[in-house]
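There are two complexes below, and they share chain A, which is joined by chain B in the first and by chain C in the second.
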Partner chain A sequence: MMNDFATVWSERGLLLSGLGNTVLLSVLAGLAALVLGALLSTLLMSPRQLLSLPAKALVDLARCTPFLLFAYIVYYGLPSMGLQFDAWSAGLFALTAYHAAYMAEILRAAWAAQPRAPIEAGVAFGYSGLGLFRRIVLPPLALSSAPVLGNQLIQIIKDSAFLTIITLPELTHAVSSIQSRHFIPFAAFLTAVLLYWALCLVIEAGVAAVGRLAEARR
Partner chain B sequence: MPTRIPLLSVQSLRKSYGSLHVLDDISFTVAPGETVCLLGPSGSGKSTLLRCINWLERPDSGRILIDSQPIGVTSGGVVMNDQQLAQVRTRIGMVFQQFALWPHLTVLQNVMEAPVHVQRRPKDAVRAEAEALLQRVGLFDKRDVFPARLSGGQKQRVGIARALAMKPALMLFDEPTSALDPELVGEVLAVMRDLSSEGMTMLVVTHEMAFAREAAHRVVFMDHGVVVETGTPEAFFEAPSTERGRQFLQRFSEGRAVSAG
Partner chain C sequence: MSHADVLSIFSGALTTLLLSIAGIALGLPLGLGLALARWAKVPLLNQVVAVYVSLLRATPLITLVLLIFFALPTAGISVGPVTAGLIALVLNTAAFNCEVWRAALLDLPKDQIEAAQSVGMGQALRFRRIVLPQVWRTALPGLINEMSQLVKLTPVLAVVGVVDITRAAVRIGAQTYEPLPPFLVALAIYIPIVYALVSVQRWVERRTTLREAAA
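Here is the complex of A and B:
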């Protein structure tokens, strides 16, 4: 058994590059999904139904589609319609678009629960449009929904593992290669599990730090 | 005072929610440097009137002029877009019943926020002014604290400093002491009294009759969406000229007697 882990260790270059891709992919997708989700949430909260209803339909559709299917459509489906992606762009796009829908819904719910008076004060003090959202609405939202946004980032990391099926060389792809090369499924996959866990711990630490910021303001 | 051009002029303002006329043909003016208290029973439309002046609520008809500049509707009769409205709103400071401070910003940041990010004034100058304002309302030592750590009275004093930092031509106070514990009302009224005596133009919705009596230059008494009477505080409190004014004052003093004892 220890020999199996030694074999995994001997493939650490591959493992590390897979981990690096997973981290890079998740961080980029997480940030992009947050920005996109924030913009989407302004549409969801719009008093104009012409804006809010289509946004709500899109968000619902994305949330009710299994991610694997979503990734298939982006990587295999869109090229048949003339939109060609490499695996990296397809994976990043799929993760971002899919999770933007969740981010939007998280921010919308927090926004609806937010006291209206400070936002109204923003309007009275001359804020409007995106400036109002960015300076007055979003910061308390981001603080109060940090734990849920952190969970979503963990979900992004886990969903990134699906991208192995569109040949993106991330962590799950790396350990699959190692196991098929050396026939050590337990050691290879367990190593991946531990590395995913380590990533989650980092995120949880980040969420706790944001939580302390939020606590001082509550 | 009446010979001067009014700083605020409200003309034939109307606002309804369905069949309910919240504001029914309201007209009055506020002269520069004048403190006007808006009095009246709950539900008489005072707060709605205040919120219509800076278009937080959109009036159905009528005109609002600040320094002869129209608010909400341009002189051409076109409803202003969000940017134009935001621009005119910076001339009107507002103090809210529920304080409405920005929870993610410290006291000093609350005061500096709009002057820096809306008015785009240089940050260093704004900081110096904001610190001076906090000195003035007695909260300089709380400048790096978040609003959640303040008492209601302290929050409202920050609210006043935040509005003053915009250098507004007019200050609107929407029941600034109604959400406060009785022992905290005094510190807020003291700040408002100072402002009034320094010549700030103020329109104050309040139930603090003692404040109206001593600090207001004029009171406007409203009931059921109409201005019932206006006059000096002496005239209104000693000898209201309308039956409704009399009843209001009587009910108010009875309420005082009951709560006092």
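Here is the complex of A and C:
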């Protein structure tokens, strides 16, 4: 058994590049999804139904779609419509587009739960549009929704593992190839599981730090 | 895409549904058992379950399925794709259900238990008559949410060879060189299933809010 883990260690270059891809992919997708989700949440909160209803339909649609199937559609289905991606951009696009819908819903719920008074005060001081959002709405919103956003980032990391099916060389893909090269499934996949766990613990620690910051600001 | 192709996706839907139902049926009580072990602070088991839940919640289902599918045979236990898939689903959903049950258990006012003790109810009777009827109401929305997550995760089992909706669609796409139509048919089957669960969850949540407002 220890020999198996030694074999995994001897393939640490492959493992590290897989881990690096997973982290890079998740962070990029998380940031892009947050920005897109914030834009989408302004549509969701719009008093005009012409804007809010289609946005709501889009979010509901994404929330009812399995991510794996969505990744298949982006990578294998869209090329027949003339949209060709390589694995990396297809994976990044799929992760971003899918999770933007979840981010939008998270931000909408947090936004709806915000007290009205500071926003009204902001309007009274002449803030409007993007300035109002950036200066008045966003800061408390970001602090109060940090735990849920952290959970969503964990979800993104876990969903990035699915991208092994579209041949993206992330962590699960790396351990799959280590296992098929050396036939050490237990050691290889367990290593991946422990690395995913470590990533999640790091995120949870980050969320706890933001929580302390929010507590201090109150 | 022919008529028979669409039918084969629908027969894949039967597999998806049966696996989902089996996963829910096994994962719900297992999650409750794990939550009770933590709630009752059973020594050692409490810590083991805490680590189990933290680990499993961080593990992508696809990595877990591959681990079980490839590693169990090396330990001398032969598993087919369906068994490996079901084990992975149950292990995964039990961890999430455990957290939902545990939150509901912690939400239960302590005086309920003390009142039951004071009228001489034993542990089993207390659990059956006092704890469970109140706890499952609190837990229900979270549990239904977890069910819809589980249905959304079942396509992962296609990776190890379970012929569910997704695998049937992939197969047709490979035969016809037109992957988009079968994928869209697959999507059209998943969406109503998940949407039904999400709607039930919203309805339960609304009903609970109304009841709390009335009380």
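Following the convention adopted for this analysis, the second predicted complex is superposed on the first by the 217 of 218 C-alpha atoms of A that agree within 3 Å, B and C clash if a C-alpha of one lies under 4 Å from a C-alpha of the other, contacts with A are read in each partner's own complex, and residues count from 1 in each chain.
Following the convention adopted for this analysis, a residue touches a chain if its C-beta (ideal position, glycine included) is under 8 Å from a C-beta of that chain, and two chains touch if they have at least 3 such contacts.
Keep in mind that this is a model prediction, so the values were computed, not measured.
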If you stack the two complexes on chain A, which partner ends up touching A:Ile154: first (chain B), second (chain C), both, or neither?
-> second
Using the superposition on chain A described above, determine whether A:Pro54 touches chain B (first), chain C (second), both, or neither.
-> neither
For A:Phe162, select first, second, both or neither according to whether it touches chain B, chain C, the two together, or no partner.
-> second
Look at A:Leu199 in the shared chain and tell me whether it touches chain B only, chain C only, both, or neither; answer first, second, both or neither.
-> second
Is A:Gly122 touching the first partner chain B, the second partner chain C, both, or neither of them?
-> first
Touch check for A:Leu68: first (chain B), second (chain C), both, or neither?
-> second
First (chain B), second (chain C), both or neither: which does A:Met81 touch?
-> second
For chain A, which side has the bigger count of touched residues, chain B or chain C?
-> C
After superposition on chain A, the chain A residues reached by both chain B and chain C are none
In their shared complex, chain B is touched by residues of chain A numbered 115, 117-118, 120-129, 131, 135-136, 139-140, 143, 216-218
Considering the complex alone, what residue numbers of chain C touch chain A?
-> 54-55, 57-64, 66-67, 70-71, 74-75, 151-156, 158-159, 166, 169-170, 173, 178-180, 183-184, 186-187, 190-191, 194-195, 198
Chain A partner, complex, touching residues on chain B are 54, 56, 82-83, 85-87, 89-90, 92, 94, 96, 98-104, 113-114, 117-119, 146-149, 162-163, 166
In the complex of these two chains, what residues of chain A are touching chain C?
-> 60-61, 63-69, 72-73, 76-78, 80-81, 154, 157-162, 164-165, 172, 175-176, 179, 183, 185-186, 189-190, 192-193, 196-197, 199-201
